[in-house]
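Labels A, B and C are assigned to the chains in the order they are written; within every chain, residues are numbered from 1.
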Amino acid sequence: MRRLILIALPYLWLLALFLVPFLIVIKISLSDVALARPPYMPQLDLSAGLAGIKAFFSELDFENFFFLTTDELYWRAYLSSLKIALVSTLFTLAIGFPIAYGMASAPREWRPTLMMLVILPFWTSFLIRVYSWMGILSNTGLLNNFLMWTGIINEPLQIMNTEIAVYIGIVYTYLPFMILPVYSTLEKLDDSLLEAAEDLGCTRTSAFWRVTVPLSKPGIIAGCFLVFIPALGEFVIPSLLGGSQTLMIGKVLWEEFFNNRDWPVASAVAVVLLAILIIPIILFQRNEQKQREAEQ
Amino acid sequence: MPQTVFAPWEDPGEKPLIQFRNVTKKFGDFTAIANIDLDIYGQEFFALLGPSGCGKTTLMRMLAGFEKPTSGQILLGGEDIVDTPPNKRPVNMMFQSYALFPHLSVWDNIAFGLRREGADKATIETRVADMIRLTRLDKFARRKPHQLSGGQRQRVALARSLAKAPKLLLLDEPLGALDRKLREETQFELMDIQEKTGTTFVIVTHDQEEAMTVASRVAVMDEGQLVQVATPDRIYETPNSVYVADFIGDVNIIEGAASQTGDKVLVSWAEGASPLVATTQALLQKDQKCFLAIRPEKITISAEEPEVANKVQGEILDIGYLGNISTYHVKLPTGHVIKASATNTRRIGRRAFTWEDKVWLSWTDTAAIVLER
Amino acid sequence: MRRMSGFNLVSLTFGLAFLYLPMVILVFYSFNASKLVTVWAGFSTKWYGELFRNEAFLDAALVTLKVAVISSTLATVLGTMAAFVLIRLGRFLGRTVFSGMIYAPLVMPDVITGLSLLLLFIGLGVDRGVFTIVLAHTTFCMCYVSVVVSSRLSSFDTSLEEAALDLGCTPWQAFRLVTLPIIAPAVISGWLLAFTLSLDDLVISSFAAGPSSTTLPMKIFSAVRLGVSPEINALSTIMIGIVAFGVVIFSIMSKRATVRQQQEERDAFHG
């Protein structure tokens, strides 16, 4: 009896507040707008029995999804989200790996402190971390002021409200997600492996490429997914740093919903976004699974 | 006052404390325990011995109540306890990992079970004090488990499981985590405590020496079945199978064909070699396949040909020097390698035999045991 | 051989500078007297004064705190239960769906979670406000709590629970007297994680909140959309300060605890 309550309580909670809402999204994405307010057509009429269910399904259609393909805005937004997520993941790796490597080679007694320093920003507000770049990147911001003062440039650079600002924002906020998994694989790396590689004729550099990098692959892959997956659906960064020109799907969804009040299309946008996300999520799960098995 | 030997299993009038009746336990397709019948008597120190995966731990966990048999009955003092949950059984267990509660002090760990019983404060205090004295933990009562050495933790685990004065105490590899020397000391301590408290102990172990040292009776298990249940000396001297003979101590096994006259058996074992003689109670058919089990210490090694029932000649292949004894591996012309051990009564320099010496191995007709399986 | 080479030192220094400099600048400029955020016009704390007179911010902060305390506590209870179900109860009907529902919200984009919850609330005709924000936050926070707690539970020696049962505990007593005290650190960090996630959340709150209720991140977001403001700098400084203070205190305490434990373990062999 206790066992039943123990299972039922979290189970029903998630069912009601995660799975059911999600099914509603799918349902609405297949519905038609009726006066921009609910109820949407069709409505499930259970009192009509089986005929009602049949009628319900026959009226659902993929109109909204066709609409997504006809309007350039949407597929450009998907493509540009993919591009932005991919490029910023690569940047995050390029910046994160040397930091993780530096941490792993630091004296043992520094490592907990370094670890804490990397985690600490994660505990501070995401919104504030993104916001902190607004004062740096704007046309009259610190970076431009500094560059003009040194005489490198005469005109302020337009960084704010471009994709570059979005890259900077994503790299900055998601950097700890890259550093931590890479660091944890590098830290476990046995020093004697590198000594063995050098003993067998590798130079320092080739030992790095032939031993360190392959062995830290699970951490690199995990880090890349941990950055790529949330970056793809990112909303705050493009809307604060990206300006009106930057197209990202999270922002489009938000605007479709709050500004245009077109819920069926917003739902269709969400369903397609999730369909795109499923592939990296499955790959990520598989990577984690493999790592767990390797550790046993 | 005449000392009576403790052997309740010999007395048909004695009621066993624990009875397993046709107990089978399956995990999915895997049969962990296959139709076992077993009686354990009050105040016994009973050992379940076998390699890992033989079902000994499952048998013990069924006594504790953590596993339910798939079929069959388990009786404790005549009552079926299969459906009694672990917290309602007058049985306590000492876990292999000790399972000491890390957030409680030694004192609170020992008092844990008494508190659950709802014993009053004074009772708890005297009882815990008794247990602490019994296990010599006086100095450590206020410590947390992580502040103790391995041997001290083992004693806390023992004290905790004894505190409720259970009818039956189960010990799951209780000395497995200790180093060899401490383990030997603790074995005697366990026997001492078992005798003082008069509790029935059932111990699970894979260490045959440990089982032989502590137990009043040993059950040797293999693949979910009891192979032999007997006192340690009987297990050693009269094993009922090659499996038991081989599992307990060192042994030479020689396979051959039997021909019996009375209680004497002639075993022809190799082409051109004269048959070996042994005595047995069993009746073997003519040319029945059988095995001779001979313990190395029952074999005499000599340079001259001796006048005994069984003798073979061979060449010394290897000598294992163990200090008090030496084990000789002797290769016979038939290809068999026989182990014989001799006590090193002399200093090493004056040892009689060395590598490649030709020697005679001999044993009496009662030294070898005839086994049918 | 890995040694602390010059390159490593440089990449570490630059990396940490990159992580911290923007926030240091933010803190620095919160004390700027000028309204223009990028021009230094002398030290002043007047923006902090302005901030504390701004009732809209104070109200939003209060709502946020209330939501965070309630939803992280609920999430900790539900998440711990969920972890227990996943790790300890073995197989049951629908276990795969259950573990899927625990892990999916962790990778679900906030916009989708928010959208789906809003559509549910509208469908049910629930009045949106603090109540719906709490429901939404509890849902995604409990998944994080359950991941934290289940990783602790899976490394937990089950024989401790069996020992408790063996010594006469009912299953519930075994949980309360043995399991819970031992996994308490994981439960507490789960709560802290849930609390900060709830404090921080903008997107899901925006969907789940009604017109009458506004959380602090929502307030900050609508303010900074218009550009950098010194009041927000002051607010950010306070928030960064609280987190830094909390983390430093927490790490000092845990460091002390480890030192004490090591000391005691050393003493054990001389006692």
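The rule is short, and it goes like this: a contact is a pair of C-beta atoms (placed from the backbone, for glycine too) under 8 Å apart; a residue touches a chain by one contact, two chains touch by 3 or more.
Given the structure is predicted, the values throughout are model-derived calculations rather than measurements.
Participant: So, comparing each chain's Cα centre against the centre of all protein Cα atoms, which one is closest?
Facilitator: C
Participant: Which interface, named by its two chains, has the most contact pairs?
Facilitator: A-C
Participant: Based on mean C-alpha positions, I'd like to know which chain lies farthest from chain A.
Facilitator: For chain A, the chain whose C-alpha mean is farthest off is B.
Participant: How many Å are there between the centre of chain B and the centre of chain C, using C-alpha atoms for each centre?
Facilitator: 55
Participant: How many angstrom between the C-alpha centroids of chain C and chain A?
Facilitator: 18
Participant: Roughly how many whole angstrom separate the Cα centroids of chain A and chain B?
Facilitator: Averaging C-alpha atoms per chain gives centres 60 Å apart.
Participant: Show me the residue ranges of chain B that touch chain C in the complex, using the header's touch definition.
Facilitator: Answer in residue numbers: 64-66, 85-87, 91-93, 95-97, 99, 101-103, 112-113, 116-117, 139-140, 143-144, 146-149, 160-161, 164.
Participant: Which of the residues in chain C come into contact with chain A in the complex?
Facilitator: Against chain A, the touching part of chain C is residues 1-5, 7-9, 11-12, 15-16, 18-20, 22-23, 25-26, 29, 37-38, 78-79, 81-82, 84-85, 89, 92, 94, 97-98, 101-102, 104-105, 107-112, 115-117, 119-120, 122-123, 135-136, 138-139, 142, 146, 171-172, 196, 199-200, 202-203, 217, 220-221, 224-225, 227-228, 232-233, 236, 239-240, 243-244, 246-247, 251.
Participant: So in the complex, the part of chain A that touches chain C is made up of which residues?
Facilitator: Within the complex, chain A contacts chain C at residues 2-3, 6-7, 9-11, 13-15, 17-22, 24-25, 28, 38, 95-96, 98-99, 101-107, 114, 116-118, 120-121, 123-129, 131-136, 138, 140-142, 145, 172, 175-176, 179, 191, 194-195, 198, 229-230, 232-236, 239-240, 250, 253-254, 257, 263, 266-267, 270, 273-274, 277, 281, 284.
Participant: Which chain C residues qualify as touching chain B in the complex?
Facilitator: 157, 159-160, 162-170, 173, 177-178, 181-182, 261, 264-265, 267-269, 271
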